[in-house]
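The same chain A turns up in both complexes below, where it pairs with chain B and then with chain C.
Here is the complex of A and B:
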């Protein structure tokens, strides 16, 4: 199939699936497996689209057959499809994990499908307001998913999560309205062109609002306070979805609105962005070392890892943007693997967790090595000794916390209290680990994706 | 007009922010609703133009009001009202479990639960069957 046919299909398939699943009881195995097949079909469409885009360049269509400039544009470029493919892949893996263990809530498959629908739409849209709408859809699904098991602490975590992130959404909405006021358009491509002709002083406050909104989503240092509470309360597959798929909104949003639409304003704010990123890396790693509970350690680790993405965006230039994309992709896979593995026990899961931990640290042959290497290249290219040292220090600190958890979970004697989980679920976690190893041994596709995505940002 | 609108938006946003900082969860929800509405007003004011209604066929020569901001505000209103409903249902769920909408009461009850867990009354927190709100109420009464 061609890209022009796959683009609407990628957005539509999870939508139709989500709407029909909302009517069915997700606890029934049949319904749960239908959701797996549906999300799998959506994933296949996104993968097909990725290949089409890498081969033939960006695919564009205007929804509803409207003339260009009037209707809402769907635009798939290398940056968007990369994030879409990773996010839907992580969602699919988490959904399969939960279905293998037995779904406990009737709404779970529908909510996951809504999340996939919102995320694919968000990564593949070319319209700023449409971006906000898809963003809200996936966030709303996330609020409901956080309270999945309906324990009190989960409901409270969901409430905090919803209130903080709604504030972020409102700030983003205000930024979109302000951008519309300044540029007179909602199409991101046209917006970027017109914003380049406006005095930066009139847009800089909008750029700050965008940075704050996405930093809240990503859980960067001064905006991170909601994040640990949410992850600690969450069920492992839900935490994997939140950390591996939903958090991509932050990285993608910063790249799209920062590097693509408002590049001059990003350049003006380089110092602030670098400071925030550095603070996140160090603060996240130190907090992670000091924590006891696995979910909490991983939550703080997520703050630190988000800092690397921000640092790469702050450095700027093709090499650094490619590093940011590669880092975001690898980080999603790592987080998905670690959260899923932390929910299980046994030798296979322990080995998978070790692979994930090595990947976070950046030890070859795990994929994390490729990401860290890309970061080193970017920092050397920038000619900054301090940044290179920072990335090394962050890696060393992550070594400490990653293996603290490993020791705590898998080196304690098996007391039989925690069951190991069904065998297929353990095999799934093992497969994720193999994928991360494979991506580290054969990094070519990952690097090509990163460079293609960075090419989109530099092309303007 | 611009001054009045921005003052109104600022006042609404400010009162919303004040309400979010309260301990009463219900007030937090009202605060979020106020802030969302401040954003809706902001959208409207981002495209504030005077002109003919933008209905096809368009009048020749005369300026036409910007229809896009209205569409955006409408969408944003729908989203904010649905999210407010979700928040209210979460608050209700906490109210049923704790008989209070004060965040301190809820946290205190959680701390008690965590202590009970550490004393080993219920080591299998993960495997515990899902409780219905009625069960929780019953346990609260007997405590």
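Here is the complex of A and C:
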């Protein structure tokens, strides 16, 4: 199939699936497996689209066959498809994990499908307002997923999550409206072109609003205060989806709205972005070290890891943007593996967790090494000793917390006695670990993706 | 219990509200329909009944009990209409007949797929709003019942 057919299919398959699943009882194994097959089909479409885009350049489709600039566009470029492929992949793995262990809520498969629909739409749209709409769809699915098992503290977490995110939504919507006011369009490509001709002073406040909205919604430092509460309450596959798929919106949004649509404003804010990134890395790592509970450690680790992406975006230029993309991809795979593995027990899962921990730290041959290397290259290219030292320090700190958890979970005498969970689920976690090792041993595809995505941002 | 006046006004308002909704559904602001506004208007009419007469009475209006299902049926129908042009080799959401072609009329009502799409959106919005508020009122009733005995 060609890219032109795969683009709408990638968005529509999870949509139709979500709407149909909502009418069925997700606890029935048949329904659960239908959802797996459906999300699998969606993933296949996104992968096909990724290859089509890498080989033949961006694919575009204007809804309703309207002339460009009038209709709403779906646009798949290397940056969008990379994030879409990783996110849907993580969602698929988490869904399979949950289905293997037995779905406990009738709405779970439908919510996961809605999440996939929202995320693919968001990464593949060329329209700022549609971006907002898809953002809300995936966020709404996320609130509902947070309250998955309906324990009191989970519902409380879902409530905090919803309130904070609605606040973020309002700020983001204001920013989109303001961008429309200044540029007279909602199409991102046209917006970028017109914003380049406007005084940066009239857009800088909008850029700040966009940054604040994304930071708030995704828990970047210093807007992270709500994040640990949500992660501690959530069920492992849900945490994997939130951290491995949903959180990608942050990196993508900053790259798209910062580096792509408002590059001059991003340049003006370089210092601020670098400071925020540095603070996140150090703060996230120190907090993670001081925490006891696994979910909490991983939540603070997520804050720290987002810092690296911020730093890369702050450095700017093709090498750093490529590093940001590679880092985001590897990070979401790591987080998916760690959260899923932390939910299980036994030797295989312990080994998988160790691989994930090595990957977070950046030890070869795990994929995290490739990501850290890309970051080092970016910081060396920028000629900054301080940044290089920071990345090294962040890695060293993450080593401490990653192995603290490992010790606490798997090095206890009771580990062997606890229930290990179903074997297929453990094998799935093992496969994820193998994937991360493979990506570290053969990093070509990852680097090609990163460079292609950075090429999109430099192409303007 | 609500006063007799409130109940009378609520009863009187239902039919005009629904008719207004249908009018908006087939003729929107600048021509072909506006399913979203029509859905909101119709559901407001039904919600008034729900507030004044209670859930049991309101559920006698067809479609209110099945509102949750209706929302997803509407969503599926809208998605189906969006996907359909792909099979004919056109862009997503293309409507037929195309601009400039002859359109079948029935009075001022035009038969184009855009109106069908709006009907699906209408069902989606109506189902979602009524379904959500119905679910909330059911949750409140359950909580009251638990406290009562």
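We adopt the following convention: the second predicted complex is superposed on the first by the 456 of 460 C-alpha atoms of A that agree within 3 Å, B and C clash if a C-alpha of one lies under 4 Å from a C-alpha of the other, contacts with A are read in each partner's own complex, and residues count from 1 in each chain.
FYI, a contact is a pair of C-beta atoms (placed from the backbone, for glycine too) under 8 Å apart; a residue touches a chain by one contact, two chains touch by 3 or more.
Every value quoted in this text rests on a predicted model; they were computed, and no experiment measured them.
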{"item": "Chain B versus chain C as contact partner of A:178, first or second or both or neither", "value": "first"}
{"item": "Which superposed partner A:108 touches (first chain B, second chain C, both, neither)", "value": "neither"}
{"item": "Touching partner for A:231 - first (chain B), second (chain C), both, neither", "value": "neither"}
{"item": "Partner with the higher number of touched chain A residues, chain C or chain B", "value": "B"}
{"item": "Which superposed partner A:62 touches (first chain B, second chain C, both, neither)", "value": "second"}
{"item": "Contacts of A:221 with chain B and chain C, given as first, second, both or neither", "value": "neither"}
{"item": "Parts of chain C lying in touch with chain A, wherever the complex brings them together", "value": "69, 72-73, 75-76, 79-80, 82-83, 85-86, 90-95"}
{"item": "List of chain B residues in touch with chain A within their complex", "value": "20, 25, 28, 32, 35-36, 38-39, 42-43, 46-47, 68-69, 72, 75-76, 79, 82-83, 86-87, 90-91, 93-94, 97-98, 106-107, 109-110, 113, 123-124, 126-127, 130-131, 136"}
{"item": "Touching residues on chain A, where the partner in the complex is chain B", "value": "104, 129, 132-133, 136, 140, 143-144, 147, 149-153, 155-156, 158-159, 162-163, 166-167, 170, 173-174, 177-178, 180-181, 186, 417-419"}
{"item": "Complex contact set, residues of chain A against chain C", "value": "5, 8-9, 12, 15-16, 19-20, 22-23, 61-65, 71, 74"}
